[in-house]
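Order as written gives the chain letters A, B, C, D, E and F; numbering starts at 1 within each chain.
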Amino acid sequence: MAILHTINKSPFDKGSLDACVRLAVKGSSVLFIEDGVYGAMKGTAKSGVVEGAKGDLSFYVLGPDLKARGIDEDKLIDGVTVVDYDGFVKLTVDNDKVQAWL
Amino acid sequence: MSDIKKFMYVNRKAPYGTIYAWESLEVVLIGAAFEQDVSLAFIDDGVYQLVKGQNTKELGIKNFSPTYTALGDYDIKKIYVEKESLEARGLTVEDLMPLKWEDENEDYAEKDSIHVVPAKELAGILDDSDVLLNF
Amino acid sequence: MKLSIQINEGPYNHEASNTALNFARAALDAGHEIFRVFFYHDGVNNGTRYTTPPQDDRNIIQSWTDLAKEKELDLVVCVAAAQRRGIVDEGEQQRNGKDGNNIADGFRISGLGQLIEAGIQSDRLVVFGD
Amino acid sequence: MKLSIQINEGPYNHEASNTALNFARAALDAGHEIFRVFFYHDGVNNGTRYTTPPQDDRNIIQSWTDLAKEKELDLVVCVAAAQRRGIVDEGEQQRNGKDGNNIADGFRISGLGQLIEAGIQSDRLVVFGD
Amino acid sequence: MAILHTINKSPFDKGSLDACVRLAVKGSSVLFIEDGVYGAMKGTAKSGVVEGAKGDLSFYVLGPDLKARGIDEDKLIDGVTVVDYDGFVKLTVDNDKVQAWL
Amino acid sequence: MSDIKKFMYVNRKAPYGTIYAWESLEVVLIGAAFEQDVSLAFIDDGVYQLVKGQNTKELGIKNFSPTYTALGDYDIKKIYVEKESLEARGLTVEDLMPLKWEDENEDYAEKDSIHVVPAKELAGILDDSDVLLNF
């Protein structure tokens, strides 16, 4: 069993990322989409959440949402993988189910 | 895969401020007719949905909280409340509505439907589900 | 693989429907089947033919209609949620004594059982919301 | 005192419109004037006559219509926001080539200038939203 | 000049209360409405925000929203005043303007 | 009270995920015709609205960020960005679009519209406004 977690809210605005990290089992995948992509940036007051969890969880971020928000890939936390919509579909298929932290 | 899937309803929002809690409950009730394996999880502000003593008269919005106490009649008896979410909000299980189900194998003994579980355990329960519905 | 999609928010206020549309296109392009797209909560507002978005922006509802036609998608608007929010087809118009209807081409109104069925029949259910 | 109200969310998904309604009633009971109620963002969805809420719940849109009639309230739906979301009156129907309209009784569609004017003319502007 | 601040979001869900306390001048009034009322409860992980600010700001909570959510008044932080919709109107009139922390 | 009121647009939400940022801007543009005293504040995730290099092509949503750079032409030159919000997000003013206005009293010299101010100062600016529009 493996869950793909999606996070679509900024970690500064909502607790979705915190809840996800608290409730995802080791080995799960987490995809940042929409306003969630801000959670993948390094050097912020919230970067520690992903940095602290990336040993246990695999983090991905949706490229089209990153670009829309003007975030260069070199601003991402090391180890976060950029995917496009095809990659989102692939993650959906490669995991058993999807948990959306709305 | 067997014909029965494990449905998990994940409730993370407070009641009344938005309609998600109520409309989630409507899915649960309809879903009960499909004879799947059903669980509900209450996480973050979702735990507020189960607080007892709700009285919406002055708001003018329907008080849908009694519906939770009827879930046992729909054979829904696996209701997980995240311990960390309760504690952060200064709540204990005593603050929640007592949700019960009757065990027909034990002469219809009333049993608690609510299980307060730590995040680590709830994570495993989520992981063990087949379909996650998010509200 | 057989996928279903749930959309919880209306067409422009939130990105949910836009993301779902891009996801659906990518899934179809990759050869997957989309068993159903279920519109719930404010998501039912994606099912109106009365919108006139600005000329320089996308037309989300038209995009769903076009994709549904091209790929024979099943776009289902939840009846209970639709009644609260004013999305009406001919049947609902008659049942509820309305003087018109506003359902968009390619959408149909049905019950919550359709969502449960999608959960049972599909290999994956992906939810987009607020 | 002269008050105006802005409502940013639709009738049932969020509590905003319900709170605004209770606030408006209390303000009127206290003898204040409500210069205007302006519906913006998804708030324009309060202006449809197509809803059929459950029998055991409140009918928010009817409540606005009734209050407007009783107290001669000016309920204004933003035209730009309404076009994105499918709220249409007769004028908009003709302008945008729609085959019907769904505006509720007591509401009118107008421009954003009406919000600015409310801000200028009113002693207080109170915003209800998500 | 005096502002009435309204907060309609749970302090566990969103940062509205934090932002309000950071950006309200001394002597301002703060009214919790809708899901915001959870911010007025004592004994929570967020009670410290109001407790720390109540020397500088006056806090109010909308009674009908409290009751709807099953919160007894004895669960409120000391010094928070319960008002009804009439009281909300009065606060609106008694202050010069309203800032809604949506 | 004078005929001119101080309008303050308070923007606290990120762009694209929701439409509030864009529809707030539409109010600002319409409001500019009313010859009031206009200020904009960007707080919390609202600061993301001003980040430069936005490219929405793959999303299919209109990129409305160029409109911010046109605000100077509408005589809107008081744009306040909360320092604490910027810093928490690891951003500096260099990450934002340079918003300018031309001072006709100084031979149309270009001047910065963006003022990064600490919360304490911004609180006073909010307090000094007449009408607060919240997005």
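Criterion: contacts are C-beta pairs under 8 Å (C-beta built on N, C-alpha and C of every residue); 3 or more make two chains touch, one makes a residue touch a chain.
Only a predicted model underlies this, so the values are computations on that prediction, with no experimental measurement involved.
Trainee: Can you tell me the least number of steps between chain A and chain D, where a step is a move to a chain it touches?
Mentor: Shortest path length, in steps: 2.
Trainee: Since chain C and chain D share one sequence, what rotation angle in degrees maps the C-alpha trace of one onto the other, as a multiple of 5?
Mentor: 180
Trainee: Relative to chain B, which chain's C-alpha centre is the most remote?
Mentor: F
Trainee: Could you find the chain whose CA centre sits the greatest distance from that of chain A?
Mentor: Centroid comparison gives D as the farthest chain from chain A.
Trainee: State, to the nearest whole Å, the distance from the C-alpha centre of chain C to the C-alpha centre of chain F.
Mentor: One centre to the other, that is 35 Å.
Trainee: From the mean C-alpha coordinate of chain A to that of chain E, what's the distance rounded to whole Å?
Mentor: Going by mean C-alpha positions, chain A sits 33 Å from chain E.
Trainee: What whole-Å value do you get for the distance between chain D and chain E if each is reduced to the mean of its CA atoms?
Mentor: Computed from C-alpha means, the inter-chain centre distance equals 26 Å.
Trainee: In chain D, what residues contact two or more other chains?
Mentor: Those would be 8, 12-13, 15, 22, 41, 54, 80, 84, 125, 127, 129-130.
Trainee: Hunt down the residues of chain B that sit against at least two other chains at once, touch-wise.
Mentor: 16-19, 44, 59, 61, 131-132, 134
Trainee: Find every residue in chain E that makes contact with two or more other chains and list them.
Mentor: Answer for chain E, listing residues that touch two or more other chains: 8, 12-13, 15, 34-35, 64-65, 84, 97-98, 100, 102.
Trainee: Can you tell me, using the touch rule above, whether these chains form a line, ring, star, complete graph or other shape?
Mentor: Topology of touching chains reads as other, fitting no named class.
Trainee: Which of the chains touch, listed as pairs?
Mentor: Final set of chain pairs in contact is A-B, A-C, A-E, A-F, B-C, B-D, B-E, C-D, C-F, D-E, D-F, E-F.
Trainee: Could you list, by residue number, the parts of chain D that touch chain F in their complex?
Mentor: 6, 8, 40-41, 80-81, 84, 111-113, 115-117, 119-120, 125, 127, 129
Trainee: Applying the document's contact rule, which stretches of chain F touch chain D when the two form their complex?
Mentor: 5, 7, 19-20, 23, 26-27, 30-31, 33-34, 36, 131-134
Trainee: For chain E, which residues are in contact with chain B within the complex?
Mentor: 8-10, 12-13, 34-35, 38, 41-47, 63-65, 67-72, 75, 84
Trainee: Touching residues of chain C toward chain A in the complex: what are they?
Mentor: 1, 3, 8, 15-16, 19, 22-23, 25-27, 29-30, 32, 124-130
Trainee: Of all residues in chain E, which touch chain D in the complex?
Mentor: 6, 8, 33-35, 64-65, 84-86, 88-90, 92-93, 97-98, 100, 102
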